[in-house]
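In the two complexes that follow, chain A is the common piece, with chain B as its partner first and chain C second.
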Partner chain A sequence: MSVKSKIFAAMKQIAEEQKVTLPPLEDDLPLNETGFDSLAFAILVARLEDELGVDPFTVAEDAAFPSTLGEFVRAYENVPA
Partner chain B sequence: MSPPEIIALRQYLGEGPTDRTISDARHSLSLTEIIQHSCLTDASCELPGRSVLLATSGQLLSALAMIELDGVARRMLLCPPDLDWDRLQVLLQQAEIDTIVTDRSLLRCRADKYALVGIDLAERRAVRWKAERATEWLMLTSGTSGLPKIVRHTLDGLAGAILADGPTRYRNATWATFYDIRRYGGLQIFLRAVIGGGSMVLSEPGEAIAAHVARLRAGGVTHISGTPSHWRKFLMSGASADFAPHYVRLSGEIADQAVLDGLARRFPRASIGHAYASTEAGVGFSVDDGREGFPAHLIGRNRDGVEMKVVDGSLRIRSLRTARGYVGAEAPPLSDTEGYVDTGDMVELRGERYHFVGRRGGIINVGGLKVHPEEIEAVINRHACVRMSRARSRPSPITGAIVVADVILADGTDRERHGAIRAEILSQCKDCLAVWKVPAVIRFVERLEVTAAGKLARIDA
Partner chain C sequence: MRNVLITGGSRGIGLAIARRLAASGDYNAVAVARRESGELAAAIREAKQRLHFRACDLAVTEATSLFARSVRDEFGPIYGLVNNAGIGTDGLLATMHNSEIETLIRLNVLSPIILTKYVARQMMADGAGRIVNISSIVASTGYNGLSVYAASKAAMVGFTRSLAREVGRVGITVNAVAPGFVDTELTKSLDEKDRRRIVGRSALRHLPGVDDVASVVEFLLGEGGRNITGTVVTVDAGSTA
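Presenting the complex of A and B:
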C-alpha cells in the first residue's frame, strides 16, 4: 500500500470513530474542510507515526503545517524513511 | 495528646494463641518465643535512646528488630531494600541516625561513622532493655523520582486503624501481603498480625507468584493485602488454585470496579475490601461493599478519629493516624494549619459516591483539556479480555499531548481478535469518556512495569 493510501485509510478509520463525514479525498482539499478537528489530526499523526515510523511535523523544527490534503501527504512522502 | 502509657510492640506478642508464627521462604519463627529473645549480636552497644537505621537483607530480620527496638530506641528508620548507599547517606544525616542494625557485611565496611550492631536469626540472647519511651517510627515515602522524604510516625498512630477495628477482631488470622513490611502498606499488615494476635507469612523479593501462592496456602493465610497492581498480576498468573483467603484487601492505588469484580469472582467466599491509606496521611478508611470509590457520607464527619474533606478536588485527611511530620532540617510542613494532610489524590463526586480519579501531578493535558490516566484505565479494564492497562501521555505536534494506552490482554486471547478487541475498547471508552480522553492509540503489550512499592510505573508522571 502506498503512503498516500495508508494515510487515506487511517483518515477513514478516524472519521468513522469520530462520526465525521469525510468529503471526497482530493489533493487540493483544504485540511480545514475535512471535518477533522485538531484532536482528530493529533490522533492521525500519532497513528501514522506508528504505522510509517515517521512524524514529519516533529522531525523538522521549522516544519510548516500543511494547508491542503496533498501537502499533508507530501510531508510524509518527502521524509526519508 | 500524648498516650497515657507506652505500649510497645513486644507487649502484644504475649496475647493471642501460643502457636503464632512469622515466616519467610526459608524460616519460620514462633512469635511467642520472640518475646524472650534478642537477635542482636553486638550487645556491647547500648541501644536505649539511639537513632537506629534498620538495614537488613530480608524482611524477617527487620520484623524482629522492630519488635526488639520499639520502646527502646529514640527512633528507628525502616529502610526498604532498593535504596542505594549514596541516597541512603543523605537520609541518614537528615534523620540524625547514629546506629545501624544490619546483617549486611558490605554496609558494615562503608558505615564507619555509625555504631554498628549485627543481627542474626540464630542469636538467642536474653532481651536486655525495657520499653520505656515512645519510639519514633521513620519511614520513606514511595515517590518514584528524586530522594524520598522521611516521614515520622508513632506506634499509636500507625496502629490507629487496627485498634479502631478492635484488636481482637482478627485473632487467629494469618496475614500476608505482597508488600514489603518496611513500607507503609506492608507495615500495616505486619502490625495487624502482631497487635491482633495473629501470624504472618512474609513476601520474598523475586519469588515467582506460583511459589508465593504455594507458601500462602501452606502457611494457612486467611487475610491478605496488596495493591491493585499486585492483584492484577496475581489474577493474570492463574496461580490461585486452592488458595481461599477469608479476607482480601487492596490499597495503595485506585481499586477500580474491574479488579474488585475479578477478585470477587476468583474468591467468591472472601470478603473483599479496599482501604485508603498513604505513608503521610495514614489509614483513612476502608470500604467493604465491593464497589469502587467510597460513600459520600464519609466526608465531613469524624469517624473513629478520622476527618476528611475535599478541597479543590483533592482529599484532605486529619487524624491521629497521619504522620507526625517530615524529618530533616528543611522539611516542609506535612499538614496545613488546621492539621489536614493534602493527599494529592483527586476525587470526584458521582451521585452518592466519591470516586478517585488520579494523582494531582499525573494529569495529561490534551490541548488544554485535562485527564487523569487512572480514569481511562478504569474504563479499559472493564473489557472482559483486559487484565491490566496503563494510559499515558504521548507528545503531539498538534495538541501538545495525546492519550495512548498500553494494554495487557488475558492469556490465550486469540491474536486474530486483537483488531476487534481494540475496536471494542475504543467504543467502550467513547461511550464513557469525553472525546479527548479516548486513547488515540491502543497498544497490546506483554507486561507493564510495577514499582518496588507495588504500584504501576508511570514513566511520564
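Presenting the complex of A and C:
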C-alpha cells in the first residue's frame, strides 16, 4: 500500500470511530473541511507514527501544520528516512 | 498485562509506586530514572519480571520522543504514565541562581509535559490510558523557600485539568496527586524542627508515607478510577485540612 492510501485508510477508520462524514478525499481539500477536529488529527498523526514509524511534524524545523490534504500527504512522502 | 511507566521510579515515592503496581499482579511496571538504585535492583529481583528499569535523563527533552517509542517497541502499548520524577531545590528566590531555577522548571514542568505528549499520543492511537501527575500540596499552600518548586507543582495541576478535557473523548483520564510532606531524599534538607512543626499541624499528627501516595496512584489506575479525571487527590494526613 502506498503512503497515500495508508493515510486515507487511517482517516476513514478514524472518521468511523469519531462519527464524522468525510468528503471525497482530494489533494486540494482543505484540512479544515475534512470534518476532522484537532483531536481527530492528533489521533491520525499518532496512528500514522505507529504504522509508518515517522512523525514528519516532530521532525520538521518549523511548527507549521499543512493546510490541504495534498500537503499533508506530501509531508509523509517527503520525510527523510 | 498493562504497562505503566513511572518516572523517578528508582527511589522514594516513585519506587513505592513501581513496587506496588508490580506486586498487584495487574501491571508490568517500568521505572525510569537516570540511574538504577540498589533498592530498585533489589525490588526488580523480587518482582518476578513485573518490574523493569530503563535509564533516561528526562531533562534531555530532545531524546524523549525516541525514548517513548523505544519503551513501546520493547513492552507494547503503554496503559499508564505516572509523572513523578522531580527535584525539590529550595532557596530564597532572591538568591537562587538562574541556572538552578531553569533546571528545576525544566525537569519538573517541561520534561513531564513533553513525555506526556509522546505517551498520550500512543494512548490516543490505542483509545485508552491513564495519566497521573505527581504535584504537591505546596502547589496550593505556601512554603517559605519553595516558590520556584511550588510554581512547578502548580503547573502540573493546570496541565492536568486542561489535558483531561482534551483527551477525555478518547478514553484517557488525567489526574494529579498532591502529597504532603513525605520523608525521602527530596526532603532531607528539612531540619527536625520544621518536620515536627509539620507533624504538629497535620490533622492526623503524623506524616503520610510513600506507600500512602502509591496506593492512591494504584486506585486511579485501576477500575475505581475509571470515572475520575481532571482532579487532584491530596494525600497529606490532613496538613491542609
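We take it that the second predicted complex is superposed on the first by the 80 of 81 C-alpha atoms of A that agree within 3 Å, B and C clash if a C-alpha of one lies under 4 Å from a C-alpha of the other, contacts with A are read in each partner's own complex, and residues count from 1 in each chain.
Basically, a contact is a pair of C-beta atoms (placed from the backbone, for glycine too) under 8 Å apart; a residue touches a chain by one contact, two chains touch by 3 or more.
Everything numeric in this text was worked out from a predicted model, so none of it was measured.
When both complexes are overlaid on chain A, the residue A:26 reaches neither chain B nor chain C. The partner of chain A that touches more of its residues, comparing chain B with chain C, is B. In the superposition on chain A, A:41 contacts chain B only, with no contact to chain C.
When the two structures are aligned on the shared chain, A:57 is found in touch with chain B, with no touch to chain C. Across the superposed pair, chain B and chain C both touch chain A at residues 17, 39, 42-43, 45-47, 50, 55, 58.
Across the complex, chain A meets chain C through its residues 17, 39, 42-43, 45-47, 49-50, 55, 58. Partner chain A is touched in their complex by these residues of chain B: 366-367, 394-399, 402, 404, 426, 430, 435-436, 440-441. Across the complex, chain B is touched by residues 17-18, 38-39, 41-43, 45-47, 50, 55, 57-58, 63, 65 of chain A. By the touch criterion stated above, chain C contacts chain A in their complex at residues 65, 121-122, 124-125, 127, 166-167, 169-170.
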